[in-house]
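Dropping the structure in here first, questions after.
As written, the chains take the letters A, B, C and D, and residue 1 is the first residue of each chain.
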Amino acid sequence: MLDLYIPMLTNIKSITSENKVNDIKTFEFVFQNDDDLKNFNYVPGQFAELSIIGKGECPIGIASSPTEEGSVKFTIKKMGTVTSQFHKSEVGDVVGIRGPLGNGWPVEDMKGKDIVVIGGGFAFSTLRSLTEYILHKDNRDKYGKLTVIYGNRDSGETLYKFDLEKWEKRDDIELVLTIDREEEGWTKKVGFVAPVVKEVSPSSKNAIAVVCGPPIMIKTTIAVLEELEFGDEQILNSLEMRMKCGVGKCGRCNIGNKYVCLDGPVFSLAELKKLPNEY
Amino acid sequence: MQEKIIFKKEIPKLVKELTKEYVFYAPKNVKGNIEYKRVNNSKDIELEFLNSKVPPKEIVFPRMETMFTYTRNGKNIEIQKPKKVEDKNIIFGIRPCDAHSFVLLEHFFNFGEFKDDLFLNKRKNTILMGIGCNTPRNTCFCTSLEGHPFKKDDMDIFMVDLDDRYVVSPISDTGKEIIEGLSWLVDAKEEDLEKAIELSKKAESMISTTLEIQDSYDFLDSQFSDPIWKEISETCMGCGSCSFLCPTCTCFDVIDEEDQYNNRGRRMRIWDTCQFCLYSLHTSGHNPRDSSIERCRNRILHKFSYYPTNYNLIGCVGCGRCIQLCPVNNDLRVILKKLNEIQKKEEKTIVA
Amino acid sequence: MNEVITEKAQKEDWEPKIIAFLCNWCSYAGADLAGVSRIQYPSNIRIVRVPCSGRLNPFFIIRSLVDGWDGVLVSGCHPGDCHYISGNLVARRRFAILNDLLEFFGIEPGRVNFMWASAAEGERFAVLVRKTTEIVKKLGPNEKFKKQW
Amino acid sequence: MVDIKNENQKIEEKMRNVARDLLKEKKVDLIIGYSEGTLPLASAPVFIRDEQEVNKLVWNNSCYVNLAKYLIPNIRENINGEFVDLKVGIISKGCVARSIIHLLVEHQINKENIIIIGINCNGILDRRRIEKDIGAHEITETEVSGDYLIVKGNKFEKKFKFEDYMNELCKHCKIRAPPISDSLKDNIVGECQEVDSLEDPFEDIIDFEKKSADEKWAFMNEVLKDCTRCYACREACPLCYCNLCFVDQNLPTWFGKTSEISDILIFHMVRGLHLAGRCVECGACSSVCPMGIDLSLINRKINQIVKDRFDFVSGLSLEKLSPMMTYKMNDKQEFMLEEN
């Protein structure tokens, strides 16, 4: 594979601003080459190396679901060199993609189980992918009950408002939205994610909890889930790490002997407990 | 195949013949440092040397390497893949430890689903024509790591220095082919071979450092938060000398360079090291390996614990470069001895 | 690529490209005055307006050379006239060291030029730009930092 | 003839006594010094917390690391759950003390926490040059005899004159013990010296500057082209304490990180630029370079510029500001373009 480090070229099809502060945008890419699109077979939870050619590369989780054909979506927060450049780019600009990389959510193993999706803030992108995937008409009956708990600082920070509205209308998903502080016009839950999870108290029987969010949220939520008798194997987590190559060669994303880009980014709590605490 | 003899005075002839087909790399004295450089004239070759300062990994994994170039035309971008390198290389005079490092590198870059062809192509086209170490250094400890100053398995052609001549033994098939091509070589006599064996034994006895590393990696893993790491890393300054010049270190950084005046650019990889704080710094400001304690630990564990677990190989060849080059004399042998002591203590308590 | 440029240099009509960092309060106004008063000066300079010559990080100058500019011109208020009181005085020390160091590394003297020009000195500005252009033209293209592409 | 072996022994003994007393009297929690290296011509910095261990301290002519590097960030330790700044005694030759003084000028370290244990340095050997001169042999033993260094190895023995094989910067050094001043009196124990003014003719630099621009460029290319960009020079320099070095900055990316010669030259040029008025000529950067690149020329040049233009020598007094922190109305400006 001489193309290991060569990005596939895409064009930006649309840019959606996701929050009030305007530092999170969702980009939709279409491949310039049809073969590339055919080869880009991914599962929710995988990531890709996006590059603004000439500026650099960064790993971003895929926000679209494989069931949404024709394009891929990424939600990018303005943080460093490359992501800032993304926020400067316009529709039609050329962007390189390498991927899909990483293991992704174990959608096959999750079949027949109840799914509890717990997300906080900006980390919801791959969870959106997962939810969308499960909700697709081909897949919905393969999974049990779907609960989505999504917390944010305030209503302005809530991502994917369009999708959330769509999901809310369906009866095969329990959608719980929460914000940290009370706000005028907000009719849904108020409070941090962990207490809300406790309130909703999803059953741990034949269920899998998927948790993504800021470290403190993960820590508190996992404590709650353990209270609800979720086993270590039943809690899934997606990690972030600094990456360059995305294919396990550049060396920097290792936690112990595991590379986040190859063996991750999705780890079960049981796996994480075996790894040294260096993430 | 029969061992051959090549006299030192015949080296120019050898170089002349091999440079016809191959790019000939040989140890060269560059301002007092021995480095493996491209050589066309046999006069440039430095045959009297202990080991090179820059490991020969530089030939197959250069300090900087273009991953692709591109040209920009308005908003459009066209990517040009790097040309497949067809040059055939010979590394003359490579030492057994460095030859073994090639095995490790190849294993690493070839591991798993993703194969790094930038490296593998170069490796495939590289022939190792090594020389046994008659006089290993004090800092050498290859015998503790399944190596030997006369280990020939990792090379294509192996030579033993007998003062005025070399005993040449072809090892791999390509090596045999090359030796067959050099029809003017004379067969080695029995006494030469005997002398070579004698030298090998002598060299082995000269290696003074013996470390017990073989089975300690499981143990190392469990010592993740031992205070020993603080002790080891206290004086480390966080420069990259040890890993930049390590024959088995493979980490790289990826950078983009744009020549905006000519509408072109390139993406390249350059050597990087886990000893830099920037290496694992997240954009958010969080750094999983924030201090020299974690960084030193990562280096040691990567070589002696993660490598064995992942690939069944120890990620060190015992060349001793990091020992010689560390500015604060943070001696790897001492570190390993300290770790060994802890292990022994632990075993004792378990037995007791 | 190199050949093309050397050829270009040999041609009589090669014109250097010079980047000029002008301070907002004096030199930029001086350049403006030169323009308004229709004083001719070579069109080789491309002006970058900076708030003060003290804003000039030496990186700007070195980076300009790396990027292939044939000459660099830095201009600020006369000592004592700085809008921010001491910006140009601090900058002067920096420039002094940079100037000496560049020379020490073998960058031809005259590649990087420093000058003072006030808002009222349109004539002086034009003269010094002319002078800079001449110096740089004599030096030829800046190729020392050229990379091997 | 100077008997260097004897000198070293005296220095060592004094140093140990002072260090022992300091630890015994609990004036310091930690002594940073040099210990015997595991290789010939090497020394290892060591942190000593117990007076029993004081005999680990050694002094020889390979103590090239500038220990002031370890003072930043402040050495802290978790004592009963609380992080406390440690009181540090630091074995200081002239240049280490000078870097400490300069770090104090730049408010990087806390004067109360530092005790300078002065020693009278007698020069550091340029180990990389000795290694290069010996070539394809391994040094197994070194011995000092008179003002010669005798290097022994497998079947060879070579004598090096001390003066000739000293670090380039040590050859010009005149401040061998910590410079004393009133404001620093309480912080120095052991050797120290009065430094009033410093005359340095900078003959080597003047010599070099006779070359033409292209010759200089070619020379610099030749000197620096082996650089692997491991940044050991930066990490060993006590005054390179930036959290994010300019080469690592990426918003914007200033300079390339490749090992192309122009990028290498720029790195060393800007490193020099950043040391203007700060470099104390300790030579640590050259000594730690794995490739044996001699950076002393650049450092000397910087110091010459600063001395000529601003009449300043760094690291001598706490009161005088470094030239890049201040300005004068009548600074020389002969390099400025003028109309005539």
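As a convention for this text, a contact is a pair of C-beta atoms (placed from the backbone, for glycine too) under 8 Å apart; a residue touches a chain by one contact, two chains touch by 3 or more.
Note that this is a predicted model, so its numbers are computed, not measured.
Comparing the chain pairs A-B and A-D, the larger number of C-beta pairs in contact belongs to A-B.
If you average the Cα atoms of chain A and of chain B, the two centres end up 40 Å apart.
One finds 50 Å separating the Cα centroids of chain A and chain D.
In this assembly, the C-alpha centroid of chain B lies 48 Å from the C-alpha centroid of chain C.
Shown for chain B are the residues that touch two or more other chains, namely 253, 255, 257.
Contact of a single residue of chain D with at least two other chains is seen at positions 256, 258, 260.
Counting partner chains per residue, chain A shows two or more touched chains at residues 56, 80. Viewed as a contact network, the protein chains fit none of the simple shapes, being neither a path, a ring, a star nor fully connected.
Pairwise, the chains that make contact are A-B, A-D, B-C, B-D, C-D.
On the side of chain C, the complex with chain D involves touching residues 58-59, 62-63, 66, 79-80, 86, 89-90, 92-109, 113-116, 124, 127-128, 131-132, 144-148.
By the touch criterion stated above, chain B contacts chain D in their complex at residues 29-34, 46, 48-50, 53-54, 63-64, 135, 137-139, 234-235, 237-241, 244-245, 253, 255, 257, 268, 270-271, 273, 276, 278, 323-325, 327-331, 333-334.
By the touch rule above, chain D contacts chain C in their complex via residues 208-209, 213-220, 246, 254-256, 258, 260, 262-263, 265-266, 269-270, 272-273, 276, 298, 301-302, 305-306, 309-310, 323-324, 327-329, 331-333, 335-339. On chain B, the positions that touch chain A within their shared complex are 67-68, 70, 72, 75-77, 79, 81, 84, 108-109, 111-112, 114-118, 121, 221, 224, 250-258, 265, 267, 269, 272, 274, 279-284, 288-289, 294, 298, 301-302, 305-306, 309-310.
Across the complex, chain D meets chain A through its residues 250-251, 253.
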